[in-house]
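Next come two complexes, and both contain subunit A; in the first it sits with subunit B, in the second with subunit C.
Entry: the complex of A and B
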């Protein structure tokens, strides 16, 4: 009997290892510094995670579909710079700048989706290449200059990043709303089902008459839509942006998706799990800062945790912690 | 003939089981020095399992292996090599960017002090081996620059770095041209003259009769006997491989046939199959029988839009159709239960219910959302019809038995109400009990008026389910039998490419 309990506990640890580790981590930090779990700190973590979170929602679709997207950080810089520059262009203003920016960002998403979906190129190579290409595009657009909104009092552009409704910051509301919509699309619609099928076994999906290329294409469209939204929040919050504002975020986004338990091989994961992954990442970074660790140390610790998470994921799948063949 | 000498390699009562399957059931055989001994059997007969036991990759539960009559326990490929048992694998496993010498001595390069490679010795030794093989390249040649046949020679050279007692050739001619084969056979003759025992695995009869001294046959994991090659013929070996004592009950039931569901005229797909014509009616099971590589699966894939035909016409219910993708095939009412359940048939991580409704998930909706009710209705219907055993509709399909997995795939396509259902290898990897269930199911479908095409490499299976049988050989239809006029002998002759007495 005791043995069965132990086995059950082991099974729970294996399946929910990340959640368990998260709870232990939260308790330890709360004991160390009670400020960690105060309401205002918790809200501040959620708010600062919103931009990363919105991007992670889209990448969740790409990863479940069996691909990667390493271009999202670079694309975020692009969308922020573009929307700010158009906003400052005479005759544009927010009402034209925002839709134009969405169209351009999603246009780039369509190019990636075409290359990976229809031409069946390796997504790692395509999006790694696009990371650099988009960065070059951004610098060309801006001429290397930072973008600022000159007359911040006379525009309503700031509400996406700075506004709030019912006491909740707009970025958090947008993250929540988008998460809810995308969760429903992924878990409840035929399209969502096809994303899982294509990522789980692309050959079997083809043999079942599922248009694999189109499904993959659409996951990149969703991802670029999310990046455009994140870029809008970013630009609106600071009313200005550097050309490198999204640099390195592609890895953090991927980390959040993996921490949430999506398999890099495709076919598994969920929107709400990604939301948990985003929060875990946010609280870890916040906790490390409150603990007084230097800002840069968090890169090291974050990635140690992510590598542990990936190892745990693979180890539990193959049932042992080490294997001579993968 | 050679009983006065002691065998170079002898296997005695080898038993190896996997969950639910007795892969090797007391297999014994031996090869004498200077003998070429063929090992034959159909796919799944146990040849590769036996080779893995011999190579130390699998450990047998029972039985012993002797090299030069000394018992040898093989626990790793390296150990097999140390005992003098060498393998020439079907798939080349060479490092293209390295030289011939480095490949030949990979993992055991001769060393000087401080671990430096002793290149001089390496090249000398390799060239010595190459001169035994009489090849036209040197130890310094880069492997990637060699032809496939010469790369195979490098594999053989690899087996000769130590004193070999027995060399096992696993389908060595699979990718060789006729001229290259001649060179390979000369090498084998050379090894033979040196007193090495040779085990030769191949599907190709003409090779077996050209170079081997004896033939041993495996079937369903058990040893079926050994023949002197000189005293036998292709027919006898084929029959030993396929088996006379199996249940060869023919299908005697005939449903009243409806309209012609699918008619194919002169269908060709490049070198895969040529000028294939047939028709299948409603209420009929049409069997396709032939050896591996006869082009049967390729025909199915062409009908299903996975390959583009190079010539020929297809008519569905009298109307000509052009199928360019599985989506178009499905729209036209053609369904395929593919050969490989796990790779092509199912998304193993998804539930039984989601797998069954996958091709029609767009129609399983209430408003924009997938409706549980519609899906459950379909799932329950086919679970009951096909007697699928699963704890729940939410169970991941990967955790079911092979037979139940296959029923999920069949259910998936029946739920699409196809005009033509193609089933490729309906019972591959399925236990005996579930096999007959699937056979009954196929007959049942004919009774319900479905037009069914069954592709199989098992003779009992095609005989058991088919109303008519198309016999194929090397991409061509040799003959079409009805279940009344078919005999085992005529079927075996047709698939071996032997012209029958009367015009086909």
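Entry: the complex of A and C
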């Protein structure tokens, strides 16, 4: 019994370790450079993390459900290009372009969800294939051209990326709101519990009457909804997009989710922790920039932090520092 | 039993059947609709194929070994770029410059050593910490790319040495150096996987790690060797390519890991580990390159290639599920 308690304590420490590390990191940087925690700096960090963050929220669902999603970067490019192109199409305008973009992006999400959920194909390969296929689709749609909004003054489209309400930037509001809604869905609804159950032990979940296929399908729908939102913010913020705007983001998103403590095995993780993971990545980047280092130093720092975070997590769970592999 | 043999035949022959299908399709479509003046099945064209597929192909051979062993490596693209930079940059180091053309083999050595070290870092972390290879190499993909940028900022690294270009452009039987490197690597690694203890153990570990441990196979060193091997091969791919081009962009090699994995999976290697072959991967690499060339040949937009390859990958997965029970297993994470 005592041993169980000890293990529970260790597990608790490991689970909250990332939060502790985050606080320590923030305090250390704030002491070193007070500009770091000024409100405008904090907002600018959160705003620049919002796109990555919104995507990470959706991927959290997929990962907790025991799958991977490598297609979110391609899908972001797709949604940004589509919404910009439709916006420029005569007779469309933002009011029609945005719902149409959501419908198309979530349609692709539904295809992935069908392949992984109902056909039970390996999610890594399916989303790898979709990464390539969606990229091809985006290039075909745009003909390889960059998309731009011609009359940037005459549209309210920019509000999602550039506007602010009550002194808070809209992307931050959208990120916060979406995080709150998804956190409630994940932790307070039957559906949320089913996602954990399916990811924790798919077979057991099926035997206890949980529709595994449908749950997995829905996690991909949520993921594609989040990507569409991120694409909207991205397109609106820059009022234009390249075909490769989301390239490579799938792995950064996954890094944020893992940093938040979600296991790639599925069944563990939380929306709140993912938000922390996203913010850690954002603040590290910002802190290193404020320290006068080049942006690419953050890649190396992120590498070390990911390995250490996951290692610490695993080490606490198995009670041994080094792996038992001979 | 007969059914088993049949399945076996379909599985191993599928990729070659697919290649033949591609050849016929592009040849027929190209000539019937006269979309192209030249014949698609042209010896020169086919031999060029090997050279063009060499950079991804050499990496894919290493990826096959890693995946048979039950791991995955997402950092090969960054390793490729860093090795290329080290190779070209080392030729301008004061100690190397004085050596004249003798600097070339030393620069190659430096690049290959870089690849081995990066691979060893990955392997050591996977072995000693027990963190899954997917996460470890996801991290080092970012980290190695950071090192690439730290080396020379966002500037391209270039150094043109005509002797080296001559070596890279050297050819015989219509094949050029990189094609020979690709074929040679594929042959040697095939020998390693089918004829050596290490190869047999790699299959055993990928198939069932518990059982391998119980059979007194030392899992760690085998994982380590395989990661060093793929690091070496990623560097070798860079050596073969950049010797000719002489210029490395810091973004080079991005998405190489995904192309390599696609080729490996097309070639029939299982993500779950324990099954797969170098020959299949060789076919997978050729199939992708053939598709790329063929779509260009019939005048399709180059962007269609991504779309088609993505869809084929998913189709292969669906087909594979019908044919192979092993494919139903989830990725071991």
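Keep this in mind: the second predicted complex is superposed on the first by the 309 of 326 C-alpha atoms of A that agree within 3 Å, B and C clash if a C-alpha of one lies under 4 Å from a C-alpha of the other, contacts with A are read in each partner's own complex, and residues count from 1 in each chain.
Keep this in mind: a contact is a pair of C-beta atoms (placed from the backbone, for glycine too) under 8 Å apart; a residue touches a chain by one contact, two chains touch by 3 or more.
Because the structure is predicted, anything quoted here is derived from the model rather than measured.
Trainee: Tell me the contact category for A:314 with respect to subunit B and subunit C: first, second, both or neither.
Mentor: Touch partner of A:314: subunit C, not subunit B.
Trainee: May I ask you to decide whether A:203 touches subunit B, subunit C, both, or neither, giving the answer as first, second, both or neither?
Mentor: The answer is first: A:203 touches subunit B but not subunit C.
Trainee: One more residue to check, A:44. First (subunit B), second (subunit C), both or neither?
Mentor: neither
Trainee: Name the contact category of A:134: first (subunit B only), second (subunit C only), both, or neither.
Mentor: second
Trainee: A:33 contacts which: subunit B (first), subunit C (second), both, neither?
Mentor: In the superposition, A:33 touches no partner, neither subunit B nor subunit C.
Trainee: Scan A:194 for contacts with subunit B and subunit C and give back first, second, both or neither.
Mentor: first
Trainee: Among the partners subunit B and subunit C, which is in contact with a greater number of residues of subunit A?
Mentor: If we count touched residues of subunit A for both partners, the winner is C.
Trainee: Scan A:115 for contacts with subunit B and subunit C and give back first, second, both or neither.
Mentor: second
Trainee: Which parts of subunit A are touched by subunit B and by subunit C alike?
Mentor: In the superposed arrangement, which is not itself an observed complex, subunit A uses no residue for both subunit B and subunit C.
Trainee: Can you list the subunit B residues touching subunit A in their complex?
Mentor: Of all residues in subunit B, those touching subunit A are 304, 306, 326-327, 329-330, 336, 338, 343-350, 354, 358-359, 361-362, 364-365, 368-370, 412.
Trainee: Mind pulling up the subunit C residues that touch subunit A in the complex?
Mentor: For subunit C paired with subunit A, touching residues are 74, 125, 127-132, 134-136, 138-147, 149-150, 153, 213, 218-220, 223, 254-255, 258, 261-262, 265, 271, 301, 303-314, 317-318, 321, 327-328, 330-331, 333.
Trainee: Mind listing the subunit A positions that touch subunit C in their complex?
Mentor: 66, 70, 115, 119-122, 124-126, 128-137, 139-140, 143-144, 247-248, 251-252, 254-255, 258, 264-265, 294, 296-304, 306-307, 310-311, 314-315, 318, 322-326
Trainee: Quick one: which bits of subunit A touch subunit B in the complex? Just the residue numbers, please.
Mentor: Residues of subunit A touching subunit B: 184, 188-190, 192-194, 196-197, 200-201, 203-211, 267-268.
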